[in-house]
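Here come two complexes built around chain A, the first alongside chain B, the second alongside chain C.
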Partner chain A sequence: MASIEYFGYALFALLALLALAAMAAPFHRRKKVSFVLGAVILAAITLTASYLFASGSSFYLLNIFRIYPFSMLFVGVFSILLLLVMALSYDAPGSFDSFFMLFGFAALGIVMVPMASSLIGLLLSLELASIPTVFMIAINGKKFIESSVKLLIMSGIAISILVFGMALAFPYDAQLSLVQIGSASGPIEGSYLALLALVLFIGGLSIEAALFPFNLWVPDVYEGAPANMSAMLSGINKKVALVAMMEISFAMFAVYSSTYVTIFMVLSIFTMFFGNLAAMVQKSVKRLLAYSSISQAGYILVGFAAASQYGLEASIFQMITHSFMIIGAFAVIMFLENQGIKTIDEYRGMSSRNRYLSIALSLLLLSMAGVPPLMGFDGKFLLFTSAIKSDLLALAFIAILNSFLSIYYYGKVIIAMYQPKKEERIVAPKAIIAVISIALFVIIIFGMYPQPIISIAAKAASALLGI
Partner chain B sequence: MIQILFISLITIAIAIAANIIFGRKYSQHISIAAVLLVLIYMSYSISAFTSGSLAVSESLPYISSLGISLHFTLTPISIMLITMSLIVTLAAIVWQGIRGANTRSINSLLLLFLLSAIGLFASANLFLFYIFWDVGVISVFFIIRSFGSASRDVASKNFLIYSIFASALLLFAIMLIYFYTPVGSFNISYITAHSYEIPIDIQESIFMLMFIAFAIKMPVFPFHSWMPNAYSDAPTSGSVVIAGVLSKFGAYGMLVLFYLLPVAETLKTYVYAIAVVSVFYSAFAAMRQNDLKKMAGYTSMIESGIILAGIASLNYLGEYGSVYMMLAHGFTIALMFIAIGSLEFAYGTRSISILKGAVSSAKSASYSFMLAIFGSTGMPLTAGFIAELMIFIGTVSAFGLYGIVPLAGIILLGAYMYLAASRSIMSTKEKLSEVGIIGKSQKAAMAIAIAAVLFFGVFPFIFLNMVKI
Partner chain C sequence: MLPLFVIAPLLFGGFISLFMRGRSHIAGWTAFAFSIASLILAAYEVLYSFGKAYSITWFAISGLVVHISMSIYTLNAILLMLVALVTPLIMLYSIGYMDVPSERPRFFFEISIFAASMMLFAISANFITMFIAWELLGITSYLLIGFWYHKERVPYAARKSITTILIGDMAMLSAMVLIWNAFHTFNFYSIMASPYINAMQIPLLLILAAVFTKSAQFPFHEWLADAMEGPTPVSAFLHSSTMVKAGVFLVALLLPLFYEAHLLYVILAFGIATAFIGATNAIAERHIKRILAYSTMEDLGIMLVALGLHALLAAMLFFIVQTFYKALLFMSAGSIMKANDNAENIYLIKGSTKNRLLFISTLFGVGSIAGIFPLSGFFGKVAIDSVASNIYVYILLTVIEFASSIYIFRWLFIPMRDPLTKGIDAELTAKYKNIPKTMLYAIAVLALLVAIGGFAYAYLPGLPYAGVFANTYMPLHISLVSGLTETIAVLLGISVTYYIYVKMNLKGMSSHRALHTLLYNSIAVNWVYSIIAAAFYEIGGIVNSFDYALYWFIVMGGDGLVFIAERLRRIVNGQINAYAVAFAAGIILLVIIIAV
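For the complex of A and B:
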């Protein structure tokens, strides 16, 4: 056994430790201990994953997990994001002990999705990622039950569609492994069942990733959930579904690319337009961000539609970018919501309440709108050029158009914040300031110098495509 | 070989950081020192450029997968425009005074804007051009939005909508160019060399998109309606940089565009026609204004029209004439806005009809305003004279006698403005009582602008030697 495999086992030992810590949390009921333990374990997972990523090795572990740069990149990124969400939730209204128990298991599922090397593994880890989330919303109080039930129903539907897809894929892939269906030269002849399976996979995952026709649950759930959970749903769970979609379409159904390119293109166009147009008429900032995060998923799909090394690279870049942006933005919103400030009207005069928060939120929103030199611009620029490189000029233009449409509603929030209106000062807690500052730091630094993120995204993309 | 541009950009970036950290007390000191330092680099580069001991091209890898690098070139044009932006921004910073309100925030934004101006005028690829363009626009938006006058709501919204529209068109055009050049590229010199391979109808649509984007920023009729509000509702230091430097973003972009695509040769007559219409439109519009800042805005639009005419002539004199005009216009309009700002500070109003007899107590501001009028009509010994001379020789050789038509617009406006100013501000019959007293910092800012207007009018060869005219 090569020495690098020990690190793979170490990763699983850490995951098991996380689960143990999570289970122990409701018994000892010490918030601080759980938090520190969780933070240390997640940091250790990030370090191990980045070591494995840097080594560039690719191997199977226990026949159900695959360690390769693509999975390791997302394991590392997701654990950093989970750490941010945990820091946000520390002061949330619900009990942190029960939160931490559920969080540990959700984290387990989230981290396992990119590593899963079979459809069964993928399904189980997706379920593990989504079910605890439902209860993480519900434990915060009675008024959150509605939102959690909606989420529960939607994830149930998503899972059942995925299972149906798996059943249809079974004749072509008896081990249910994520290996390529059909020969390298072309798809199976008369393979309508395989295509149907592909469509069902994309449909099921679209529910979780909130792509156009399947996104109607998103605004209600995001608005009804506490903001730290909205951050988790849009910053992490959505990306998990997109990762699964990437693995299924670009690894398993690679030879059907001409088919799903069209699907992704249509999904992308409708998702962008729906998200942006609906966001324009929102009054609640949280709902506005929910729609904006729908449209951001549309931009990410532009890279899927490009279906090339560049496209996936750009999509991965934008997924990382959007996670940091949306978690930072929801951190601001979480704090303001606790102060009773929710609608755009109530945001007026924010700059006199707390200058740092309003600068931070403005920068995060500008980054989402795609204004240079912030990271959101680099992501969108890469996506648009990747579409152009794949000869999808029309898609690139629609995406650019949408990107500029979106400045309208982001600008509305920013303009409201800088309205001349004197309000009394408010002071944010340190945990929230820390999360916002980290998000801001990433957005600005890697916005001005994106090359490191681009090269790791490129490494992951080429690992996925097997180039 | 010294990499002047990287050093300049880093200096400004450090100054912004220092401003944010130590700005509560030392904002003015830090900002002025940083701008002066970069000005020294630039004057060194002027002398080094002729002797050839200067790195003309500076490049660092940036996004290697798309072949984008941080690539800057130092041409005579970029040296001229960067020097102009530095002096104008210096005047804007000095104007506020040490005890001004919000100096830290305004100075940070002004320096950020200066950073974008330096980057934009020197960028060698369209990607960097676009990035710096947007950074400049956003920092100006926040200057208007946060520190403007009472009716800044409408002004900043209009500004944002027009700017976003311009940015969108620009990005469309850049993507089209990237798609249609043989090896997708953003590099300006590469595109210039290979643009004849782009199909002619695509060239036309690229030209249209970019023309509208740049015309909005210049501004040129009929894309100017953001301009009066933005100029009048911005704080004085903001108006100075918007009129002095931001409008040059559009003008410089237009210059790049005309030498980028060969189709410009067939379209130049139409563009010239737009320029002439713009000159006359703004001359008549300026006469209708009562607000001095709006009048100054329309005056600056006349000169934008003349710059456009010079660029459209597509010959050597027209090109460098328009560049010199950008320089001259930057100084004169800065002087004009500073003088207006000081008048407003002294008397609490900008209305021509109320400001009768302003010269009685605010002498410095009134005389500066008169000098600015002389400068913008192109009086000999001001920088505008040299520029107009070159431009009109250029336009006459390109369009025949029609080339002289815009001159009528300038003379018309000049005559009107002498008359209006001498009746109201310079009137000796009435006396006006002051509300505030113009301070040293405001006088210093006027002195900087006056010195620049006269210096580059008396010694034009400093720059013209670099291009060997």
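For the complex of A and C:
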């Protein structure tokens, strides 16, 4: 056994520790202990994953985990993002102990999705990620029940469809492993059953990934859930579904790429237009961000549609970018929501209330709109270039048109914040400031110097495509 | 060590001093300390990384790789050391100069960023890095020139400078696009090493246009004199080592390309025209700082003349010595103005001899700019005279030297007059005594540098020069004939000035005289500018009407989109069963896509 595999087992042990810490939380009921334990374990996971990523090794662990650069990148990124969400939730209303128990299991699921080596593992991890999320929304009070039930029903539909898809894929590969099914059991070109399975997978995952028309629940749930959970749903859970979609389409069904490229293209166009157009007429900033996050999923799909090394590289880059942007933005929203500031009208004169928050939110929104030198610009630039390289000129044009449309509603919020109106000052808690500052730091520094992120994204993309 | 780290202390210090609103009295010292750190790093870099080039990937997109490239070759090292040396002196001077506490943090922030961008410019080895620094210089110089933005003429001066510079920026950007198309690389040294292609003439001319705007050469020279509205330390910095030097430096760096494209005569012609315009305007000007600004124009013109003669070493020698004496003279002017309640007209300024340290240092600067042996300016000027093989160029250069000795001694002699009444005289003496020590120390250090700057003459030829045509550069030498001619011209200039302004004690020339109009042609140039601006304004009006039509189109489109959005919004009606139906429809849609 190579020594690098020990790190794989260490990762495994850390995941087990996380689960243990989560289970212990409701018993000892010490907020601080849970938080520190969670933070240390997540940080350790990040470090281990980055070491494994840097080593570039690729192997199976106990036949259920696949350790390779693609999975390790997302394990690392998701752990950092989970850390941010945990910091946000620390001071949120509601019991942190029960939150932490659910959070630990959700984190376990989230981290395991990119590592799963078979469809079964993938499905179980997805479930593990989504079911605790439902309850994490619900534990905060009665007014959150509606959105958590909506999420539960939609996840239920998603999982049933995914299982159906799995059943259809079974004849092609009894192991249900995530390697290319074409190579596993002879040529399957033209087999409609496999294609149907693919469609069901994409449809099922589209629910969590918020692609039109599977995403109508998104605005209700994001708006109805507490803002830290909205941050988690759009910053992490959505990316988890996109990662699963990437693995299934580009690793398992790679031989059908010419077919599903069209699906991704259509979904991308629909999602971008739906998100951007509906966001234009929103009054609540949180709902506006929900629609904006829908449209961002559409941009990410542009890279899927390009279906090349560059395209996936760009998609991965934009997934990381968007996670940081949206978690930072929801951190601002969360604080303001607790102050009773919700609609764009109420945002007027924000700059006189708290200068740092309004600068931060403006920068985050500008980054989402794709203004240089922020990271959102680099992501979009990569995506559109990759689309043009793959001869999808029309798609690139539509995506650029959509970025143009998005300026309208992002600008509306920024303008409102800087309208001269004297309001009394408000002071944000340190945890929220810290999360916002980290998000800002990332989008500014890697916006100006994107090469480190581009190269890790490229490494992950080529690992996924097996190049 | 990556040369990029040289600018890190300056950037850091700049941001720290920006947030020192409460402790503005130490903001200056903070910036000074960090600029010393930058100087140490720069010295380390020049000593230990000399002759090395560095490159890091900025971003790689779909096969397009863009680098941030830096090099510490001879030219880079010279400029880097000049900027690193002058920056702490400027900071030191500014500590005494900036007597408005509330504005100090902003001032030291802006000047730190300005210095940092010039250092980045100095070490850049490709067009991308150079252009970033170039733009940063433009924007920070705009902020600094417009520093006293609440004063009446200041915003206009700042706007004039940024307008002129932006013309150059556009030219530079177009040149970069053309160069990329031709070579598929932005690296200076790769471009110079690859075989020359004829299409290079156009981008090189565009680069020259950009250089002329940055270095204030004819016909883009007028902004420089107006830039005197900025604080004096800024002028001292802008005219000595930063900003205006950027243009000349770029020509020096790319000289092999200009040589191959046969464009040297263009550089020569514009350089000599600007030098002439600068010298004549300086004779007629009365504003103490504007005289020096026109003198800078002349200096830069002469540097371009030297480059146009393909004498890189002579140009670089003058480049070095000019930095010290021009910084010194601006600082002296600032100190004298401070003692005279910020009077700007040299006829209103009195008693410049009252502070001995200041006066002696000023004498060093004046002697150097006129070119008196053995001060550094002498070497710089005579080295250029000595390579002027063309007799007309030689005569013009001598005439310009004669003119420059006239204007600079006029600049020296007139403020030397003492006030007529005793009471004012005593008051003025006290004011001269009260000039802050930090200002005087900076001036004294520069005077020392001016005195010994001539030693660069001995060192320059021994350094290695990158570029393919290094061996065809004209050698650096000083001929006895040129030295004598120059000295005679300068002495003649001094005696004429002494006779007119000290012996005859002449009052200012009437501005209606024909001679004055001929000398002071700045007004005419500004008139031409205004005509061009008016023409563009007319064009702008036409474009504006088109724009307005487009605007209506966009408004209509926007209304339509909002109408659609309102309908679209209603799909999300909060009913979970509707969402499930949408889901089913979506699956059917995907199946249809797959099937067809």
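As a convention for this text, the second predicted complex is superposed on the first by the 460 of 467 C-alpha atoms of A that agree within 3 Å, B and C clash if a C-alpha of one lies under 4 Å from a C-alpha of the other, contacts with A are read in each partner's own complex, and residues count from 1 in each chain.
The definition used in the following text is that a residue touches a chain if its C-beta (ideal position, glycine included) is under 8 Å from a C-beta of that chain, and two chains touch if they have at least 3 such contacts.
Every value quoted in this text rests on a predicted model; they were computed, and no experiment measured them.
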Chain B versus chain C as contact partner of A:S358, first or second or both or neither: neither
Touched partner set for A:I454, first chain B, second chain C, both or neither: both
Touched partner set for A:Y310, first chain B, second chain C, both or neither: both
First (chain B), second (chain C), both or neither touched by A:V281: second
First (chain B), second (chain C), both or neither touched by A:F397: first
Partner chain in contact with A:K389 - chain B first, chain C second, else both or neither: both
Dominant toucher of chain A (residue count), chain B or chain C: C
Contacts of A:I153 with chain B and chain C, given as first, second, both or neither: second
Doubly contacted chain A residues - partners chain C and chain B: 310, 378, 381-382, 385, 389, 449-451, 454, 458
Residue ranges of chain A touching chain B (in the complex, touch as defined): 310, 313, 351, 366, 371-373, 377-378, 381-382, 384-385, 388-389, 393, 396-397, 400-401, 403-404, 407, 411, 415, 418-419, 449-451, 454, 458
Parts of chain A lying in touch with chain C, wherever the complex brings them together: 149-150, 153-154, 157, 161, 195-196, 198-200, 202-203, 206-207, 212-214, 216-217, 219-220, 259, 262-263, 266, 274, 277-278, 280-282, 310, 378, 381-382, 385-386, 389, 405, 408, 449-451, 454-455, 458
Residues on chain C engaged by chain A in the complex (per definition of touch): 56-64, 558, 561-562, 564-566, 568-569, 571-572, 574, 576, 578-580, 582-583, 585-587, 589-591, 593-594
Chain A-touching residues of chain B, taken from the complex the two chains share: 61-66, 127, 130-131, 134-135, 138, 142, 145-146, 153, 156-157, 160, 164-165, 167-168, 171-172, 175, 178-179, 184
